[in-house]
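After this come two complexes, each holding chain A, first together with chain B and then together with chain C.
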Partner chain A sequence: MTDKEIVDLVNKTLAEEFELDPASLRPEAGFAEDLGLDSLDTVDMIIVLEQAFRMKIRDNEAIRGIRTLGDLHAFLIEARDARGA
Partner chain B sequence: MSFDVVVVGGGVSGAGLALVLGRLGRRVALVEAAGALLPLVRGFVREGLHFDTGFHYTGGLGPGGILARYFDCLGLSGLSPLPLDPEGFDRLRFLDPAFELCLPCGQARIRERLGAAFPAERGAIEAYLAAIDRAVAASPFLNPGRPLPQTLTFEASGPTLAGFLDGLGAGPLLAAVLSLHCLLHGTPPGEILLSDHARVVAGYLESAHGLAGGGAALARSFEQALAAQGTSLHLGREARAIVLSPAGAVAGVRLAGGEVLSAPAVAAAIHPRRLLGLVPEGVFRPAYRRRLHGLPSTPSASVLFGVLSGDPGPLAGKNLLLSPGIDVEAHFSPRTPPERRALYVTCGLEASADGRRAIEVIAPDYPSPAPGEDDKAGRLARLEARFAAACPELAPRVRFVDGATPRTFARLLNDPDGGLYGVRHAAEAPVPLPLTRLPGLFLSGQNVLAPGVLGAVVSAFVTASLMCGPEPVRRLLEKAQ
Partner chain C sequence: MSGGADCPCPPAPLAVSGRPGSLPLTLVLAPLLALWTVLVVGLGLPVLMGLKLVRLRRLAEAARLVIWWYGRGCVALIRAFVPVRGRGLSPASFPQPCIVVANHLSVLDVYFMGAQPVWNMCFVVKSWPWRIPFYRPFMRLAGYLDSDRLPAEELLARSRAVLEAGGSVLFFPEGRRSRDGNLGRFHSGAFALAVATGRPLVPLCLAGTDRLLPPGSRLLNPAEVTLAALPAVAPAPFAAGPVGHIELRKLVKKRMSEALAALRSGADPHTP
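Right after this comes the complex of A and B.
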């Protein structure tokens, strides 16, 4: 997957599964303050992303540092690189 | 009518939550669709004998046992635990390869018994028992009086039971012996986390008890405690919708017939799938709705209820847990042919004055995929044939008087799958948390925290602590330390 395909799949998945306005999905958008996704949504988010990307991410410690949508994009791009390596 | 909390679902967890909230001074309404509380657990009477449908035996009911302490904190009284044989409460029997082992209570005895049967694998046995101890020690729920976690988050991590046993290098027969008790929580060894498995089986490994009077005695004890507390009971009333205020907050529950029980908080102790039908569209996000819809079920069962005349012989104080092969995972799949699934035979600990006892033959079973089809006669005939082969010394003295199929359990559990332990507690498909994104709506029950009677009771305390704050609940649990 290219970086852009990853970004597009993340945004499409989040827009559908969490009923988010695609226009709000800017890289600098914070999950809590801008997208209204709280800790209760975290479990669902991990599950839908694991399904969309067909890989396990829940045990990855780096997931705890994710604050913005851009953080999530970068996390998944790095996860792809780590898997390819 | 107006309350502080409406609890929907009068199973062990809903009734338990109503008791905890009442003890914390809340005015509580409890709604149950069936005509009586604890519909799965209470069982029934036939020919003067009590038969159980949901509660057969449990761990943690010995003196100082975890379940006994939680029952005490609920204010339940009048319960008389009856011990199974501590030298062997479960006769684990495999047919291919032929192997039998009576599992005793207490770590020292278990270590000795397993070690004698698997002398080359003492290290793996030791590591397994140590892992169970560690999981119990780490659990705030199995150490009541410790502070309860303020927020519950995604904790699904660590190895599965199968992965852990594999890592120990346990041979296939020992792995099957140590996995067979997955039947006590309904999630197969390849899916249950070792830590979740450990927290269920730990109590059984310490002690195994039934109750005098069976599940009916437990139901009666809950009824008496709720009556003493003045809980408003709404039995035979189905909840139809969770009512929201114009601002979108929880405002109460609408019952069939239109009556509304008003309250600023609602706790749903029902199957999560059923909850989705009570909440207006748009409240939950698609990801959450899909997750709840897709939660896989634990097995349902078919059961034969019989009357045994005379001595229970090999079933005196013991259950028979029969596994045709050593593939424990197969017991959890509807694709496994019925004759290859586990068989569980249990005999009443109490005899009638004329020496008769209740005997039950239970096997994992699944609803027919075709609606309307049940084949009750066929399912029960297969069970009877398997019982006759497994217990030839008892079969001539047993007269079967009734039977249940997955359809029966679908009715008792108010869920079409009729999964005895609700949803699977699978590492890959996390169960919902007790908090929801709708302020004032909480979840409770074996589908939330942990399965079985203990899971349901602990879940009641956890949900109460999220509703009322951890400190009052911790004080309530203090006497259970």
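Right after this comes the complex of A and C.
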């Protein structure tokens, strides 16, 4: 997958599963303060992204540092690179 | 996915922000509601505090009963001046204990919960109602849950405890009032609770409360209000996968969206 395909799939998945306005899905958007996702949504988000990308991400320590949508994009791009390496 | 995207035909906007209210209706109904509130607070609070002193084991249930009767009184007063319709509001439609999810249009919505038949109902509410001095003691005694203050996991654990004690739990899954009458984004808590406990979920649709008291208005409008309980949804088929509650949330929202569209067009939604 290209970087753009990853970003598009993340945004499409979040918009569909969490009823988010696609216009709100900016890289600088914070999950809690800008997108209104609570801690339950965060757990769900990891599960639906694992299903969308068909890879395990919940055990990756780096996921705890994710604060914004751009962080999530970068995390998944790195995970793709690590899997391909 | 937006709230309105689930509806096959775009509904007409319901909100009437900016519409001037009715001064005569407000001058008659508001003092009556205020008097009823003073009566309930003046009599109910001392009684409940007395029951607390004698350590009544079922104090929360007693407080919920008082609140429910207060709501019923409010609905009766409102009904004397504006039409209030109920659909599917028989006790059989609310298999107890259950989880009720209602759309949110107006501050009056909580008062209209007196029109539904379950008295032992724990409300999940945001932080601001806790700041109303004469409501706060009742909410505390009734064991209401503050969705802003409690972490999601604890909110679910406490909601689960309410269900296990035989009480039902009411959520407004949008978490805020709709400003255009359409359903907003649904949070997942109520649906995760239903899947985790196996308790049925009752969708409750409200229409017209935003016209009765538009957001930002202090004046009441003579508007018809309808409450319609949709058939209860059993969560068992959604318990298989890790995100079954998301599918349950989508299904319930779709049914509520269709029912609200039917109400707006003057048709009756499918009720039990």
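The criterion applied here is as follows: the second predicted complex is superposed on the first by the 85 of 85 C-alpha atoms of A that agree within 3 Å, B and C clash if a C-alpha of one lies under 4 Å from a C-alpha of the other, contacts with A are read in each partner's own complex, and residues count from 1 in each chain.
Just so it is clear, contacts are C-beta pairs under 8 Å (C-beta built on N, C-alpha and C of every residue); 3 or more make two chains touch, one makes a residue touch a chain.
Quantities reported herein were computed from a predicted structural model and do not represent experimental measurements.
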{"item": "Chain C versus chain B on the shared chain A, clash or fit after superposition", "value": "clash"}
{"item": "Contacts of A:A15 with chain B and chain C, given as first, second, both or neither", "value": "second"}
{"item": "Touching partner for A:E61 - first (chain B), second (chain C), both, neither", "value": "neither"}
{"item": "Contacts of A:D44 with chain B and chain C, given as first, second, both or neither", "value": "both"}
{"item": "Common ground on chain A, meaning residues reached by chain C in one complex and by chain B in the other", "value": "16-19, 38-41, 44, 47-48"}
{"item": "Residue ranges of chain C in contact with chain A within the complex", "value": "1-3, 151-153, 156, 175, 185-189, 192, 242-243, 245-246"}
{"item": "Footprint of chain C on chain A - complex, ascending", "value": "15-21, 36, 38-41, 44, 47-48, 51"}
{"item": "Footprint of chain B on chain A - complex, ascending", "value": "16-19, 38-48, 58-59"}
{"item": "Interface residues, chain B side, partner chain A - complex", "value": "151, 153-154, 156-157, 285-288, 290-291, 429-430, 433, 435-437"}
